[in-house]
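Listed below are the structures to be examined.
Across the two complexes that follow, chain A remains constant while its partner is chain B and subsequently chain C.
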Partner chain A sequence: MQDSIKVSTDPSVRYLLRLGDTCLVHAQRLGEWCGHAPIIEEDIALTNIALDLIGQARGILTRAGQLGGQQFDEDQLAFLREERDYLNPTLVELPRGDFAVTTVRNLMVAALLELLWTRLQASSDTEVAAVAGKAVKEARYHHRHAADWLVRLGDGTAESRRRIEAALDRLWPYSRELFQPDAIDDAALASDLGPRWAELRDPWLAAMRDALDAAGLGMPAETAFLSSGRMGIHSEHMGHMLAEMQYLQRSYPGGAW
Partner chain B sequence: MTTAAAPTERAARAWEVLDSVPDPEVPVLSVRDLGMVRSVELSSDGTLHVVLTPTYSGCPATEMIERSVIETLDAAGLGPVRVTLRRAPAWTTDWISDDGRRKLREYGIAPPAHAASKTVPIRIIRGALSPAPACPHCGSAHTEQISAFGSTACKALWRCRACGEPFDYFKPI
Partner chain C sequence: MNPTAKPEATDNREEWPLWEVFVRSKAGLDHKHSGSLHAPDAKLALEMARDVYTRRQEGTSIWVVRSDQIVASDPGDKDMYFDPMEDKVYRHPTFYKLPDEVNHM
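And then the complex of A and B:
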């Protein structure tokens, strides 16, 4: 059994882990669709998106592992941390749900990542800026794909509309966490590493409104609920997901294809 | 020991040899056709230094391409070889050569539209995510998208409404 690693609490490291873990955990959930999507084209699409996200996570986790006086590689960071050292927002770790839940989450995450990568192209960290230059194009492609499905399902049958509305009600409360300002965000802004996520709230809401309008869906109301994955305090689903994700590397250290 | 090629000649020969290193997922294209090769230079320590720009973030072929560049140049007697990856500026399908575009079409894959690097606002419409490519089989412009994602990370799936054939479209990115 492979021991866990302990990551630095340096704010730059934490900022990058939030981003890298968002990509990694979202990809892990999307990968669960392999062989289960409603049509073969979507089976391929969801796993293709997961592949892009894994590539983005690799770039960001590699950089996070070099900062704060650490020397961890992307695999150690992906597979050998304890649950509380993962800093993805709770939104991405929730079970994949039905295809409507996955569509709504894909849209919420792609719209966020597109805004983040756009700003990160000007990061003071040239490695991060380089990853962002490629990732922004991929996020844009994912955003359009998810928005297209939102329109099809929202403006489709009574059943597809019922499901997409239920998915919005289920996931929307988890959006509040994305834009909570804190010291990690402030430090990133101060060092020009990247923007505060809180600054992205208005353009994100505008992007969501565009897609919801096109789908004939209303904006969900804001709720008081606040999740805390970005602080490392996760939902009950995270541990189960990590157990599956980490199992091979924990049992067979360094195992490779 | 073989006769050492002059430095500029060694780099020039390397460029030629790189024409024969295929993309494992689209074997009709070489790494040069794809526009992945940034530079080939002879280092002061006698190592041939090849700089590549990876294509898609999650492309599983990147490491294989790195390996086959080294192996092919070694086999051509041009080693020792060192490969580094340069991510910035990001690779774009605009870097695929005209020769590469012709090869793609002949292979049955519609080449990507140009000017992909321009940022366009997201327009939410049903169906196509990009302007319709011409059918690589019959040339008709009457085509439609089946899926925005295809058999590999770099392709989308389309079909021709004139000849009825499905075809891959190299995503402009």
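And then the complex of A and C:
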């Protein structure tokens, strides 16, 4: 059994882990659709999106592993951390749900990542900026694809609309966490590493409103619930997901094929 | 069909319509038929074509056409349609004498 690594608490590292883990964990959940999507074309589309996200995660985790006086590679960071050292927002670790849940989450995450990558192109860290330059095009497509599905499900049959509304009710409360300001965000802004996520709230809400309007859906009301994945405090689903994701590297250290 | 238009209804049939996909590999070349797929409307047909047929940098432009909009010749007419051309080699421009300076005609 491979031991866990302990990552730096340097704010730059933590800022990048939040971003990289969002991509990684979202991709892991999307990968669960492989062979299970409602149609073969969408099966390929969802795994394409997952692979784009894995590529983004690799770039960001590689960089995170070089900062804060540590030397970890992308695989060590992806597979050998304890649950509390993953800093993705809770939203992306929730079970994949039905296709409506996946569509709504894809939209919420893609809209966020598109805004983040757009701003990160001007990062003071040239490696982060380079990843962002490639990733922003991918996120733009993910955003459009999810928004187009939202229209078809929201404006489709009574059943598809029921499901998409249920998915919005289920996931929307997890959006509040995304934009909670804290010291890690402030440090990133101060060093020009990247924007505070909190600043992206208004443009993100505008993007969501556009997509929901086009689908004939209303904006869900804000709730008092506040999730805490970005602080490392995860839902009960995270451990199960990590157990599956980490199993191979934990049992067969360095295993490759 | 305008891909930015609001998706047209697919009259709620069980099966989505079939679309033929044509991909242009680079500017100046023709769009070539790549295959087909099922999609509920034109815009998603384009996106699915992108995801299914251009994953390995095959394309710079995509056309999708509903398969039921294509008028095809009847395979049963093959003899009547195409066999008469068999003995008309003079239609190939291979009998002209080209000056040496003209290359790659």
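Just so it is clear, the second predicted complex is superposed on the first by the 257 of 257 C-alpha atoms of A that agree within 3 Å, B and C clash if a C-alpha of one lies under 4 Å from a C-alpha of the other, contacts with A are read in each partner's own complex, and residues count from 1 in each chain.
The rule is short, and it goes like this: a residue touches a chain if its C-beta (ideal position, glycine included) is under 8 Å from a C-beta of that chain, and two chains touch if they have at least 3 such contacts.
Quick caveat, the model's predicted, so the values are computed rather than measured.
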| item | value |
| --- | --- |
| Side-by-side fit of chain B and chain C on chain A, or clash | clash |
| Touched partner set for A:59, first chain B, second chain C, both or neither | first |
| Touching partner for A:134 - first (chain B), second (chain C), both, neither | first |
| Which superposed partner A:210 touches (first chain B, second chain C, both, neither) | first |
| Touching partner for A:143 - first (chain B), second (chain C), both, neither | first |
| Chain B versus chain C as contact partner of A:48, first or second or both or neither | both |
| First, second, both or neither for A:157, with chain B first and chain C second | second |
| First, second, both or neither for A:70, with chain B first and chain C second | neither |
| Of chain B and chain C, the chain that contacts the larger number of chain A residues | B |
| Among 39-47, 57-65 or 147-155 on chain B, the segment whose C-alpha atoms clash with chain C after superposition | 147-155 |
| Interface residues of chain A shared between complexes with chain B and chain C | 41-42, 44-45, 48, 141, 144-145, 148, 151-152 |
| Residues of chain C touching chain A in the complex | 7, 12, 16, 37-41, 43-44, 47-48, 50-52, 55 |
| List of chain B residues in touch with chain A within their complex | 54, 56-60, 87-92, 116, 119, 122, 124-127, 129, 146-151, 153, 157, 171, 173 |
| Complex interface listing, chain A residues touching chain C | 39, 41-42, 44-45, 48, 141, 144-145, 148-149, 151-152, 155, 157 |
| Residues of chain A defined as touching chain B within the complex | 41-42, 44-45, 48-56, 58-59, 126-127, 129-131, 133-135, 137-138, 140-141, 143-145, 147-148, 151-152, 207, 210-211, 214 |
